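Just below sit the structures, each encoded as structure tokens.
Each of the two complexes below includes subunit A, the first together with subunit B, the second together with subunit C.
And then the complex of A and B:
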């Protein structure tokens, strides 16, 4: 009886309509997912450029990229977020002021994407560099021998073939991105973890809300694992599986 | 082809790179770095570093970060070994919960786990009379047990997965030979399976320790005074925005460097297979 009443009151707390906090949690989840998507996309862009720079760039580009990936991977994300968050917003405002514009309020959303994207980019550089190296060099040489321009070569030969090797690492990075959005709670951005803490400390139902948020994160991680497994199967569709030939 | 580590060297038709570490560009980069350090020393505000109160706090914080890292890595690995073994070789009723635990830890943010333990257990314990009257209560009222617990479970979850792969990677012939010699099962584990698994895992473990180091500042959010919390306090007290953060980044990079060197030294000490 008591357990039933407790369960019912717990479910009331998680209800979608205003006395319950369900809608607030889901809004936080949506923000988390959107930031993770943006950061992952930006990270992929930086990572692709970085990987090509590390492999084919000049010596100076390689040194600079090595400095970037080393620093980002050795300093805690939380501190990078704080440094970049303040530096990013204040430097944009300084630029705007020096050009004679008004100071603008940069949304936590955009700053979060840029900051996490820069962090993701360092890890993505390493993942993609390894994946590009796994493409048989004969393929690239053949394309070059046919006179393919570099961009077309990357688009048609290197990137499709490295995808299969890159996807496990990228899946890992995506999961890290979804979990790193929780760090934005520390700079006061209302994503899922911060919203959860607000709900929990208002209602004193700590276990209910933290477990509900944990379940939401878990659902995302399980769904993305399934999705990336299908994506990898698709990316490997042309390859001969060992043992079947 | 095989002599070249990167394909770029087979491709680039540009001037041959200067040999050795101290090529011209490196000297220029080093000069820029020195100039940056010089600029930050002279024109940034480091006066707070002279305050003995903050010096003591910074040392205290660095010490707290270090011991939390060491304790959670050791405890976490002790948990990870049975977790990995259960997944690699255990019966399904041991493997399934171990896999579920690792999935749970790896699928949710550490910050959430930390807050669940601190705020959840922290609000539950005072309402249970026998816990409040026990001798452990003065300890449980502080924040660090929850920080250590959360980080230990996190390390156990991630390293459990790593150990699973390591246990599976030990060649079967080794275990079969030991069994054929009539070695008892625990002796096989202690003398053959575990040492070879740990040897395999050593390079990964260095990276994982750096990852754990980077997770430690989260404990500052539950009022544990680690080096990150000290820098936040200095920033709040003195209104100096960037300098404590820069110092913090340098301190973490130094600790990460020490960890990498330590594991390199350990790896060199472990006898390598020569055949």
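And then the complex of A and C:
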């Protein structure tokens, strides 16, 4: 009887329509996932450029990238988010003011993507640098010998070849990105963790809501792992697995 | 098919080529001229510079100085030997089919995709034309059934035959072979040499770095013996193998016999 009542009240709390908080949680989840996607994508872009810069760039580019990856990987992400978020928003406003424009309110969404993307980019630089180095030189040489231009070579030979080596590391980065979105709660962005905290403190059902949020993060993680496994299998097409030949 | 087939136009010319790796002087001024239809074999011990010489022809190694000219067109170089006109070099590279010791087929593409990669994406040949040409070449090297296979699942001999077909698929003016059978198990060498022999017989211009002396004697129109970065002796194969002049070449031939 009591168990039934507890279950019923829990379901009421998590119902999609008010006064249930289900829809709020799912909206928070959607925002978290979108920020994670944006940050992961930006991180991939920064990481690709960073890896190529570190491998083939001039001395200045290499030094700057070394400073970037060292600092970002050394400082706790929460501190980086606070620093970057406030520095990023205030420097944009300073720029606008100095050009004679009005101060603007920067959306937490955009700022979140940029801040987490910069963090992701530092790790992605190292993951991709290692993966590029793992491509056998003969694969690149064959393309050079046949007159393939450098950008096409990077796109059609190096990137697909390094993917297999990069995917485990990138999958890690993606999972970290989904969870790092929770850190954006400290700057007041309504992602999953923040709305969970709001729901919990309003209803005093702390256990229910944090379990629910945990379950949502877990579902994302499980789905992502399945997706990355398929992606890796595809990237490894054409490779003989150890022990099968 | 003697060397200096003066009737046919010049295909590849290397003049006074030098190459240093740091302080190590690998090539100390070597020259070579191949006319269309010539098969030039470069032989020599390990460290003689024969692979470096071949790889300088398409600038996989940057020469330190000298001149490389393909079909009468000199590759534009900076004073330090590096290529100065990327577009020109890419165009010239497309006219030279290179075959490597370790095959270097792209592992993420099937055999057919390997063959059409450069014709379709770099040379802008229509896809169906390239596929048609690729299938004919695969049939020719005995791999018609392997077009959908990934290279890692084929034998070394099959991979090297596919790599030769890939080079031919660009319809190159000349072929460069860099020790094409050195990475193969002995029982697979024959099938690859047979394909190369077929190309020589149809009058293709080829430069061939090889350890297979019997084969060099059989297919080459001209043989160059390199020692310590210099041409020690050169001439028609019967003369070079039958009546070597220098002591070093005599010793070398004895050691590989």
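Note that the second predicted complex is superposed on the first by the 245 of 245 C-alpha atoms of A that agree within 3 Å, B and C clash if a C-alpha of one lies under 4 Å from a C-alpha of the other, contacts with A are read in each partner's own complex, and residues count from 1 in each chain.
The rule we apply is simple: contacts are C-beta pairs under 8 Å (C-beta built on N, C-alpha and C of every residue); 3 or more make two chains touch, one makes a residue touch a chain.
Everything numeric here is computed off the predicted structure, so don't read it as measured data.
Should A:238 be classified as contacting the first partner (subunit B), the second (subunit C), both, or neither?
A:238 sits against subunit C, while subunit B stays out of touch.
When the two structures are laid over each other on chain A, which of subunit B and subunit C touches more residues of subunit A?
B
Mind working out whether A:160 is in touch with subunit B, subunit C, both or neither, as first, second, both or neither?
It touches subunit C, and subunit B stays clear.
In the superposed arrangement, does A:142 touch subunit B (first), subunit C (second), both or neither?
A:142: touches subunit C, not subunit B.
If we overlay the two complexes on their shared chain A, which of subunit B and subunit C does A:100 touch? Say first, second, both or neither.
A:100: touches no partner chain.
Return first, second, both or neither, reflecting whether A:188 touches subunit B, subunit C, both chains, or no partner chain.
In the superposition, A:188 contacts neither subunit B nor subunit C.
Common interface residues of subunit A with subunit B and subunit C?
On subunit A, no residue contacts both subunit B in one structure and subunit C in the other.
Hey, which residues of subunit A end up touching subunit C in the complex?
Those in contact with subunit C are residues 138-139, 141-149, 152, 156-157, 160-161, 235, 237-240, 245.
Per the contact definition, I'd like the list of subunit B residues that touch subunit A in the complex.
Answer in residue numbers: 1, 6-8, 11-12, 14, 17, 23, 25-26, 29, 103-104, 106-113, 115-116, 119-120, 123-124, 210, 213-218, 221, 228, 241-242, 245-246, 248-249, 252-253, 256-257.
Can you list the residues on subunit A that touch subunit B in the complex?
55-60, 63-64, 67, 71, 73-80, 82-83, 86-87, 133, 137, 140, 175, 179-183, 185-186, 193, 196-197, 200-201, 204, 206-207, 210-211, 213-214, 217-218, 221-222
Per the contact definition, I'd like the list of subunit C residues that touch subunit A in the complex.
58, 60, 86, 89-94, 96, 98, 100, 102-110, 117-118, 121-122, 150-153, 167, 170
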